[in-house]
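Per-chain residue numbering starts at 1, and chain names A, B, C, D, E and F are given in the order in which the chains are listed.
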């Protein structure tokens, strides 16, 4: 299995609901380093998994849409805790939608899976992996 | 599949038995960065894999118990080489025991696996993954 | 010159005032990795710059006071942009006050300077250094 | 499953064929950080996955053979794009050949898989994993 | 003293002249992570050292001009070894010229110094610092 | 001012004397990442600060002499706490002696200073800088 990963980041505000979150129930924020990994069994005719420049652009567009915002005000996240792991799924699903929409080119239909890892600090991170 | 990882570290002394270890047969030591990863298929009602604060506390307790010691003197490791990969299993097994004992809360019974990675330097690390 | 550095982090929300900040004028947030460096010309009788455990505790107390908050609501920051460089000074000044208050022990009066570096992402960070 | 990883690096020149590579069609270069991961289900009699010193030496020999060169001039890569993912496979295959040749010792025949990750920058990396 | 640092990278080919360079006399290449640090004694009216977005754009323009090239073919480097430390000076001087040309805005005339660090691998890097 | 840095590491056992060290009074150990920085005002005729290969070899020789040992048993450290900052000075002084002995070549007599940083974990490090 091959994979290619590109990194970007977002800086957002949010708060959590539930006593177990302790002080994180207050409005606070995070820088999330986003690692988006694309997997496939074989390489395409250019000998790559995916056009890394296009992958970086697509990830950056999703990051730009999420970043510099208070996620508590985003209708897309109404009633849900925007935990690191939940946001990893949001980004993976948005990337998958872009792959299915053809944004990664024709050869990308052979992509097998997408994994997104979000680093919330130097001591904590979370991932979500899904098939394509 | 979702995962959450928390990082801690220990600083220990030990020595290895076996000619293939070369100078590491002498009493020496290591800082091990410990990355403990918890995996599950779906998120719990709080939209998380595991309470990250609780995970950090449990890992820290295990680290505190192992750290600032000469592992050669620990009866738990009598007759075994405390290699990086072997210590990764020790920590994963201790975390698994804590999960089974309920220390991570009721929702944690849906955790699927634990992976522990120990970094012994900037150029070498080892992992152990086990089901729960 | 000797130095010792300890790392901690905070997760905060804030917004900036000024057209040059672009989208960062919106309420957003950041994880700041905080590196607090203590400098002195000679080592103390224990052969150290500062008790690293005590330094970590003092930094953690300052981080706990700042973290998991919306800095826009903190009277200490009224009317000021809590830029990365400005927050570095706030933390350095609070650490200096603790040194002067004796929290780092008697030998710490020989500390020459404090530098604080705040990493806002993997591609941007800022520092402030001041004498003691 | 256990794994052990060792890191090395190479510094090479190359160019890519295909309009999608944009400016990377020009002769340029890269530092590749190489992470070679060895996996096995159980530990050997020394309680290790593989002799980490031997693994580092074998990886270093492969790196020395590839490094400080213009890959465009290497007959082994004639007519192929030496993308990060393609080079990851080259290195994994060369390591696998060394395992099969006995270079990692008798116990290494129980190795299950090799994964090689090549980091081309702080924001992009690629991997290839294969069974042994 | 305050400072702000932004990171970018380039991927280039080059070769060195001089027996002491050993195999690096051959055409090879490098990924250089570029950390550009801007220093000043006091913050500007916006409470910053420099507009971080503008600093990132200026650094990126310089990186785009240097990157994806064989530096041996660049007339700007004719007859000189493009060592990591020499390239750090090139980039620092180009940034300084942009500051003097007003590209960083009016408040930037109070910048005191620029330091550029180039990381050629995980085990080697070089810096150059100059006044403004 | 120019600088060049090379990284290596050691894995040692030791213990500390003094109540303020708490559990670190017990025999334990550390992996120290060693960053050795060489500074000079101008570049040599090869356009470098120092032969980076030679610098790496000299640092490696010092590391090999210190590593895989219990520092408590080393007569060179009798009666002293081998704190991170104290070891940084030991390594800087040994490198300086090698420079003065001519091991870095004739051009190295223009080196201005050496700084050594030892990372004991991902959250703590120490440095020592001295003139040459």
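Everything below uses one rule, namely that a contact is a pair of C-beta atoms (placed from the backbone, for glycine too) under 8 Å apart; a residue touches a chain by one contact, two chains touch by 3 or more.
These numbers were taken from a predicted model, which means no experiment stands behind them.
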> Comparing centres built from CA atoms, which chain ends up most distant from chain C?
Replying inline: D
> Across the interfaces A-D and B-F, which one involves more C-beta pairs in contact?
Replying inline: B-F
>> Only C-alpha atoms count here: how many degrees separate chain E from chain F in terms of the superposing rotation, rounded to the nearest 5?
In response: 120
>> More than half overlap in residue numbers between the two sides of the chain B-chain D interface, or less? Answer same or different.
In response: different
> Taking each chain's centre as the mean of its CA atoms, how far is chain A from chain B in angstrom?
Replying inline: 27
> Approximately how many whole Å separate the CA-defined centres of chain A and chain E?
Replying inline: 31
>> Can you pull out the residues of chain D that are in contact with at least two other chains?
In response: 7, 122-123
> Can you name the residues of chain D that touch chain B in the complex?
Replying inline: 1-8, 43, 46-49, 51-54, 56, 105
> Can you name the residues of chain A that touch chain B in the complex?
Replying inline: 16-18, 20-22, 80-86, 88-89, 122-129
> Taking the complex as given, what residues does chain C use to touch chain A?
Replying inline: 7, 9, 11-14, 23-24, 26-33, 67-70, 120-123
